[in-house]
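Take a look at the structures below.
Each of the two complexes below includes chain A, the first together with chain B, the second together with chain C.
And then the complex of A and B:
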């Protein structure tokens, strides 16, 4: 695990379209899944002999199942609008990391086997055979896409590269050529209950220790309940919140918010993971299996509401798909969003005056906010359009006197990915991760220079882990990354309930 | 991947973690640390031993706060924080210390 050798990109004086360097990231490759992991997810253990036939059949199946996929593969006019919008292309210069270049890896094969012109005159229409080289390019470059969907914001046709990348990964899994990072994690959810592989007793031990810490620090008994039947709220955090920093301070913040709200809540050792890597691999079936654990826990614990913690893609799955995957949730209280995001929950309490917040507790911090891609471009919070941008910022501003946004073309729906989303948060992809973080780091540098920003807050476990790891490459300190609910937790005045 | 420890071949996975956790002994830990150009001091061993004991009980490495608290209790409050752990294990207490301690790599969004 020696440090990977590569050069961290320089900050650019002003943004330019990078000069292309074909093939420079060809060998940047994540580890391939092991047979046991593959089989746990319902896929062949290793690359099948007739992989070409299986892959083409699978592509055909997906084209029928998802009409959008065929539309995306058909409609690109090579206008070039997306080319410089991908953080991985900006950071690596590899043209296959241009959104259109990435899409074309699948599009060329689609044309060869599923269009008349491609079958008859492949060279004229840019159609290519599915060779082993092509399959390897699929593996490498579809695992250099964080499925962040920034490119789709700029595409005049709305082509969603994430959906193409998910389809490609599903085909790779179907031929027995899955990625270790994602599939090992999904297997752990099935076997143990969360991405980390934390068994129930370890979660309980961890939470008890944190309760002691809060008591030591504040003198107040703030509970972090686990598996308590009859609670009003089932709270589902990403398992990283139990395990690492700065996430765990967000978990403490959630606990303080629930404490002050007076609403009974519980976490679950069965549904101890908000994240759902089934989405990253484009697998409806695996996404459903992971989601079902939340339904099962909600029923077992007889809760009335479900609230999700700070986890980006979890919120996409929860907001957009949960009802289809694991519904109907007719047993929950319909007066509240089903499910609800912790930022919505906290924001509602702030609006009602139910939380007393001392902003000066965060006066030593000058804060900016990183919009996580899945929250920004695939979901909403609250009842108004754009709530997913406004609500987290309003929560921060209610807790901090010093808040500054990064440049406007790097936030809201134009936000840049942290560089580690979509199943790329693995050490062997460190070069891709560091280089892909470049645009976000440039934006952070700008608010640091202009407003002396000291902290970047965010609401996604992957963003937090990715940033703490990569910001030192750009001259920042890992402690500058913070959970939104740590800001809340630090500002909250306990036991002064005015409702 | 494999390493040679006192004439015995010990298998590692592609990420440098023991394939068979039973292969671990202190000499194995020293060789694993030397791959990352780290010489294990008494301070490292404190952490490594705590990780192994915790793993025996819970089948997972301790969360960072569990670890910092335990170290703080044992070695004093100034050492009960992640800054101290990062000084010992620059690549992060979760992944690097687990590797030296012969535990599986923690996975997930970390």
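And then the complex of A and C:
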């Protein structure tokens, strides 16, 4: 690892609210998108000459399309409730990383061009012109938001900074000032089929290799099928699950669960990506284009159900938006949720007694669970509100004897983002990512001190990648991060099907 | 100053305040009405309730009530802001109800509305101190907490100052200077019922009381700025998709008209 050019924040002995240090993260800037990527997403290749006019018009258009944006820009009373709630503010002290500080970058411009008070008395109401400095602030600070929605939990009006930052990124794309990380990945989905850019044959090879590994280890033929027409279930994992540690051990876990369930399943080389970065850039159109691949794959493979793998923002798009974007799914079996989360799927099997689990297989692990932000605050699992907290924990507890939760104000809907979500999981933003992980690392430290926790399980590809990269900065080991379905896979007793 | 001059002066203030009251009411109703129309017309194309969220409309009603009456989310967030905000808004409601007395003729309303308005009078009077306490608390936070100062514009302070002016002038009238409230009510009822011919009689004119003139001017100003300011949080909170949406994305397809038009070719 290259030597860091910044200091890792110290653990705070008790949670004081940081003093503000204006501008300290002003230069923390992700790479700007390249012309080709921009164009394949339907945006201008580079910053257009009349960017100011285009940006204002785009904002005007979004105001008529999204009630959230209109209401959230109008209703903030600057009460201060959200000011200490963002992990990026806690880690960096930059006031433009306070949720309201971030929103105000867009709100000031909204007031200047779209409200009577801002047109007549800009100074009085804090309205500002859209200058080049402002545009750069938009670029920098709206790419220091992981759209985790923690601020929205505490806002008396439910103002969600994620909605504001999505709108801002859409405006930036519209003027030709997109972000490389997100747009490159979306382009890869269009051209190859997934975020990692793994072509079908590479996925097939990997899966065959993994099948052999499982056979060697367990002596059982667990299949990891790809593109098999007529399967009952289309399973859509994040592409990181094919290739990256510790994700891939989760994939093995999914395979073992399907194997034991006796339900036929397949993955798809066309829909080989659960993640949908169209959401990060606030683009309904691109989000829809990515989502349609899953519908197409489901139709082509003639499946009856769709199940998603462990991926946070992906589950948000799947749970909350898929029906809107790519529905209606009349051709699927309505007895099951459309779509279903792999944790719901596994939990149902556990409830039915269809899985034999040997908890002692995980006795060398003392486990805690990180609620991924978008799963926690934008989705649900099961039939009751809050199922997204209960079901993954029940799955873990069915597989482990030693489970301990982190402090209550850092889990469930108060969970902290891993620090790498929302299009920030790129190396040039490492400072933001490390600093943004501070509150989660403090919680992990506490549960490590109190309960000698050895592993933090999670159900998000981004969380897993981010944590393996940043936990060493805080004195933890990257091997401590684990997929929930790795715990399941290790505990599952194969071929003892008693149903 | 001769008596004639004074009468002419109060005649002027009577006309001025009566007209201002009409204008301010029109601006308030049309302005807020327009914003509500705008919020209603703008679609929410995606399901974005902050979860865990209710699964039924009834559940959403309960969630909204907990937010607008008890400020539930604010309570989870910050007990100080919650305390000051709760005291201020709670007191404001009691005070507003108390003021119905000046706008209602007992003969206009059915039993027991007038009796209730009478019952609330003493509570309303003392609630004004609570309101001032709440406002001062909010102002102090804004002035002395560094993060709050950073996010505050001039208008954020002025809004509190305006409310303080209304509160202080009101308290002074109730407890110190004593305004001719019978005459004020005669004026106000004439304004409301458009009985302009009454204004020729001095018993129906604005009472000659500077504190009352200040109080009403501040209230009229507040009514005028309402639709153009952050006071829109009052209607706005009901339109927040994060709070008012039912969590049923998987069960019920939700698509905005513009999205259908843009992406889904017409079927017929």
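Convention: the second predicted complex is superposed on the first by the 495 of 499 C-alpha atoms of A that agree within 3 Å, B and C clash if a C-alpha of one lies under 4 Å from a C-alpha of the other, contacts with A are read in each partner's own complex, and residues count from 1 in each chain.
Just so we're on the same page, a residue touches a chain if its C-beta (ideal position, glycine included) is under 8 Å from a C-beta of that chain, and two chains touch if they have at least 3 such contacts.
Owing to the predicted nature of the structure, the values given are computational and were not obtained by experimental measurement.
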item	value
Chain B versus chain C as contact partner of A:114, first or second or both or neither	neither
Of chain C and chain B, partner touching more chain A residues	C
Which of chain B and chain C A:284 touches, first, second, both or neither	second
Contacts of A:83 with chain B and chain C, given as first, second, both or neither	second
Partner chain(s) touched by A:323 [first = chain B, second = chain C, both, neither]	second
Which superposed partner A:202 touches (first chain B, second chain C, both, neither)	first
Partner chain(s) touched by A:404 [first = chain B, second = chain C, both, neither]	neither
Contacts of A:6 with chain B and chain C, given as first, second, both or neither	neither
Touched partner set for A:336, first chain B, second chain C, both or neither	neither
Chain B-touching residues of chain A, taken from the complex the two chains share	1-3, 31, 181, 184-185, 188, 194-199, 201-202, 205-206, 209-210, 213, 238-240, 242-245, 248, 275, 311, 425, 427-428, 461-462, 465, 469
Chain C partner contacts - residues on chain A that touch it in the complex	17, 19-20, 22, 63-68, 70-72, 74-85, 95, 98, 100-101, 104, 115-117, 121, 123-126, 149, 152-160, 163, 284-285, 288, 319-321, 323-324, 327-328, 337-339, 376-380, 384-386, 388-389, 413
Complex interface listing, chain B residues touching chain A	14-16, 35-37, 58-60, 62-66, 69, 82, 91-92, 94-96, 99, 104, 106-110
Chain C residues touching chain A - in the complex, by the definition given at the top	35, 38-39, 42-48, 50-55, 67, 71, 73-74, 76-78, 81, 85, 141-142, 145-148, 150-156, 158, 225, 228-230, 232-233, 236-237, 239-243, 247, 249-250, 252-256, 258-259, 262-263
